[in-house]
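For reference, the structure is listed below as structure tokens.
For clarity, chains are labelled A, B, C and D in written order, and residue numbers in each chain start from 1.
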Amino acid sequence: MAEKPASEYRGSIHQRQKDLMLDWYQRLDHSAETGDPPAVSMMISGNCVELLEGFGAIPLYPEVNALQLAIRHQSLEPILAAEEMGYAGDNCAYVKADIGCMLKGITPTGGRLPKPTLVLCNFVGCNTYVKWFEHVAVYTGAPLNVVDVPFLRSDQPSQADIDYVVRQLKEVVGQMEKLTGRKFDYDRFQQAVAYSSEVEDLWSQIKHLAKNSPSPFDAYFDAITLMGPLYVYRGKREGVEFFRAALNELQQKVRVGEGVYDHERFRVVVEGPPPYPYFRTFRDMFASWNAVAVASTYSTVGGLWEFGFRHDSKTPFESVAMHMLAQNVTNRNYLQRYDQIRRYVQEWKADGLIIHFVKSCRLFSAGQGDMRDYFTKQLGVPTLYIESDLEDPRYFAEAQTKNRIDAFFESLEHSKRTAEHAVRA
Amino acid sequence: MPLVAGIDCGSGFTKALVAAQDSPGSELRIMGRGRARSGINVDQAASEALEQALAGTAKSDLNYIAATGFGRYNLSFRDIAITEITTAARGAYFLFPHPGAVLDIGSQTTRAIAVKENGRVNTFKSNDKCAAGSGMFIARAAKYLEVPLEQVGELSLHAAHSHPISSVCAVLAESEIINHVSSGVSVEDILRGIHDSLADRAGALLKRVGLNGELTFIGGVAHQQGMVRALKQRLNVKVNVAEDCEYVCALGAALLGLRRLASRN
Amino acid sequence: MEQFERTFDSLYEGLQDLSFVGVRKWKEQHPGAKSVAFFPVYAPMELVHAAGMLPVLLSGAGDRLDIQHADSRFGSFICSIIKTTMEMAMTGHLEPFDGLLFSSICDSARNLCFVVKRNFPQMYVDFLHLPHSTSESSVDFLTEEYRRIITELERLGGSPIQPATLRQSIALYNIQRRLVRQLYELRAQSPHLLRAWESYVLIRSGNLMPVEEHIDILKQALERIPARPGKKRDAIRVVIEGSFCEQPPLELIRLLENAGCDIVEDDLTIAQRWFTEDVPLTGDPVRALAESYVHRSVYSSVRHDFFKPRWEGLAEKVRNTRAEAVIFLIAKFCEPAYFDFVLFKKKIDELGLPHLLLEFEEKLFTFDRLRTEVETFVESLVFD
Amino acid sequence: MRIAAGVDVGSTQTKAVLVGANGDGIQVLARSLIDTGANVRKAAEKAFDECCQAAVIAQADVGFVVGTGYGRYNISFGHTQMTEISCHARGAHFLCPGTRTVIDMGGQDAKAIAVGPSGEVLDFVMNDKCAAGTGRFLANAAEVMGLGLDDIGPLSLRATRPVKIATVCTVFVESDILSYLSQGKRPEDIMEGVHLAIAKRTMSLARRVNIEPLVTMTGGVARNVGMVRALETVLGQKIIVTPDAQFMGAVGAALFSLEKLGESFESSVWRDHAVSSGD
């Protein structure tokens, strides 16, 4: 059947984002060549990229490589390679893709990736991270350090939690000084934290623009493309410039009333990572209903800023610790995620919630049936639950997924019409 | 001279093979083979298959009976029960004496076995989460496409293109097949697609046990040239197929039976 | 002897029961006293014991409970024990417990903690963050974390926990752990006198009863077992690895032994052997517990020590028990076990030891496929 | 009289229904049912044709046709498509007024739908990725036992000690059944075991939606009394089954067609998507 083509984002920021990321890969390639800048493997979730600035080091995010491959439909080969080594069908496919690439020397851009100076596991809730980086350390022979971030058991972290993380961050600094032979540049670290808080402020304003109807961008599909710069450049001037430009562009759209869709029909909140191997196909399924995502939890794995948190250059270590402990979706507990979504639905005026269960990520997915129960039965929010995977193309059933999405919007359409009719009558 | 029977009590068919050997190492004489639908009563099916295999010789002349396969424990007149994985390796190695891998595609399970010299099992892996990639997968497809099972292998050889099947469920795959049919894809191309996707699944299993050396392909599906070609092409290895490929486990059982017999006296 | 065999049978019965009769009886005998249950793997039982409560270590529901509700809360690709535990909660089986504690073993278990918290507000549900690092700061942190739990337990129990009481509790559990270690030594030396499934029953039943009672049973066992009849059999000595959380069906352990394996080591219900040495009874008992966890724990797939890799721990196990093979017995969808399998396998291959990977679910009750695989494995080792 | 049609192309069977509306309301004029087979497009045409003949109505007089079921996009003559979820809800709302929950068991799908007071879909769940616990699972089980699909229901009602079925894989259930047969278990106990296994699995999934009375069962499997009883046992409440259970999707589709013909406010409801998805 002839699908209506997905809404293309019309504007300059996607291109600028591509350039920034390409530049990042080039610097990684240079690092592989010369060892400068030193590269540090780190995880996206609750990353402490600011700390690296203190050494002029560059972050190496395996997840970004993995998702790039998946979007380019190249993830299956490395996944199979990892499974041949003994990784199970039920292991996180991000890990398998990353390790498969390492063994086969595959990189997203074809350029080289450096051997990390330090494998720095920022353990923020995702237990798979700990295993993943342990394996990376074994295969690369690079030293491993795990920053053990206490999971958020209550609304706010305790002083003991904060002290614990700060102490570990300082241990990392000491270890990095030994490994790089460079002295930790505190001022530069502090400057990075300052840039971060600026970027976070701009990013937060962007997130809030999605409250407009029509929404100027898709807070799931478009937000994901903005996440790269957010994690790689957050502590840099380039980051500030990029997000300022992005904000201006999107504000301009709001002024002229330009949205993702000329006739925005549905506003949804999306929970869970996307099926990267079918990113476009998946987006088309929403586009054919003029359905826009006005908020998403996945766009807050690296940091949750739309509710006010900012890094603080007056207390850089503490605020980095605070960010890792309490201000990213992965280290916050499940009920806090329910509440985050509830606020999205209410404050961003959404018609419904889409829960995308991904086989790979139990952090996101274990318990989403209960989440669904909470939103449908407690709050009466129309909710669609679909299952596939974020990296492994073998788990996406196109016909079934489309069938569910169509049925969901058919029912939303029905109630919308009923309501509109009631108003008219 | 010692006379032994190997009986493979599979879920679909029961296969019996009677063999004789003067002394360990000396030439093995295969006296006969027999085959019967397994059904519910294992003893009955086994006796029937054995009857044919004995080709006139009295059952009482048998010195040893080794049972293997799914129903091995339900065979009351056995001397020993050995798993079909062990016997598959032994049988395959006897027919093609090179270390390598054995692929056994049965009606329900697909098994990859890495075999050491003298036919010992090194490692093995089987698909037992669901019937994806099993012979049943083909049987159902053939049924749906209204093609007799015997012709499946031949037909897929004449395919122009391959239309891969993505579904992991043998049953849900049917609707994919239907979609292919209704969008005008030829039966040949679909069957080839099925063989290719089966070959890929088998390949994944084989790589996990380590696929070095030659591949010996056994089990009923080995009769399908289309499947053999798919394996050759997808895995680029030498693929051995014995013409009586469904008797390999029975043969392996008979061989191990002879060994036990020898070690007894 | 008969008397012991009878005790043994009743312990076996006890494991089949999902209504926690023992816990209910204990609460009748101790009016007003509370009981707190832990989700696997490790649990600081001492804290609860010192609070005058009955600590219980849960281990799923096996095949004795059909999943009829839990699938609606936890989707595909989530392991059995998460679903059976949720099912137990949703069907009132956990009613005897006043509290339920989870710890940082994996993402599914952690999410289950908060799902339970939402669905059962009347219950004290808490999450214990056990460090994934062994730096000195980890000890300080865990000490504080234990103090936090203690405060909660004091609130629940209504009375403060005295350091002296806690020390007594630790002393008791030290004895239990020592006896369990002895039981394992006895089994490794003479597997024909004590089968793995028997010692498993002896030990696991301790998760459901007061530690004092369990100590008596263990003492009795250690005394009687050497006198048992039994002849050495032709079997291969294997180490079982990977069933530290969800427990394999008892029948499966039996199956392994009947197929010709002497299980000389395993990580089943590892909690009762968690520490390599006694927890010190001197100084601050809370810190002593924390220190023992960080510096003197056994290796486990859910605890990370980057100065002593877990695969080295496995290698030691193999050496100490003169094992001839390793069988990885992994619960379906158990990610920590699957990840470790790859590095464990690497080490085992280096040692030139054969291994077999078996996948199970606690609710399994037909074993044809597994039996075929185990028998093949044994056959490949015994037939020349 | 306005005449509209619905065609439900299922994985195993294709159903067509004609409905007519005049002063004294809406009634079902005719229904037809054929095996889908390999050629979906043909099956749809044949079913529609048979249906029109049964009602003695020229195809040209049928004002609007809505296609549903997994093969809906293969219906050459359909004016638009709707998912079977919407259609089952609508059909049940019409044939079993007061329906709040629909449990549909078809050849490859098992689904539960929460239905609103005006027949709208409030919430739904479907089985995924594997045909476990679907009509095909039952058909296969029956085949292994050498029984007809229509015999297994009545048979299992006579069960006294149902067996425990381990696998949910449609293919693997065979070996389970065979081993029970070889253990001499009674066929009725085995079939009841199969029904209960499916019922538990289905309900565990179905509980994701609010299950409120009336509960109506639709789809081919609804003809199986044993399955219905098993579901009632597990669910603990009565399940309504109409003779038209199998046609529910087609009936719903036909009703949507009628709405498009009529002047009711919903007449334009689906147009946006019909156009936007450019079929």
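Going forward, a contact is a pair of C-beta atoms (placed from the backbone, for glycine too) under 8 Å apart; a residue touches a chain by one contact, two chains touch by 3 or more.
Model, not experiment: these values are computed from the prediction.
Listed by label, the chains that touch subunit B and also subunit D are A, C. Measuring from the averaged C-alpha position of subunit C to that of subunit D gives a distance of 46 Å. Separating the centre of subunit A from that of subunit D, both taken as means of CA atoms, is a distance of 40 Å. A straight line joining the Cα centres of subunit A and subunit C is 36 Å long.
Residue positions 71-72, 76, 368 of subunit C are each in touch with at least two other chains. Taken residue by residue, subunit A touches two or more other chains at 86, 369, 373, 385, 387, 397, 399, whereas all remaining positions touch fewer.
Multi-chain contact residues of subunit D, defined as those touching 2 or more other chains: 70, 128-129, 175, 208.
With chains as nodes and touching pairs as edges, the resulting graph is complete, every pair of chains being joined. Contact residues of subunit B toward subunit C in the complex are 70, 82-86, 109, 118, 120-122, 124, 126, 128, 256, 259.
Chain contact summary for the complex, subunit A toward subunit C: residues 85-88, 90-92, 95, 123, 125-128, 130-132, 134-135, 138, 144-148, 150-151, 153, 158, 160-161, 163-164, 167-168, 171, 333-335, 338, 357, 359, 361-363, 365-370, 373-374, 385, 387. Per the touch definition, subunit A reaches subunit D in the complex via residues 1-4, 265, 288-290, 369, 372-373, 376-377, 382-383, 385, 387, 395, 397, 399-400, 403-404, 406-407, 409-411, 413-415, 417-418, 421, 424.
Residue ranges on subunit C touching subunit B, taken from their complex, read 368-369, 372-373, 375-377, 379-380, 383-384.
Contacts from subunit C toward subunit A in the complex involve residues 71-78, 82, 104-108, 110-112, 114-115, 117-119, 126-127, 129, 131-133, 135, 137-138, 140-141, 144-145, 148, 304, 306, 332-333, 335-336, 338-343, 345.
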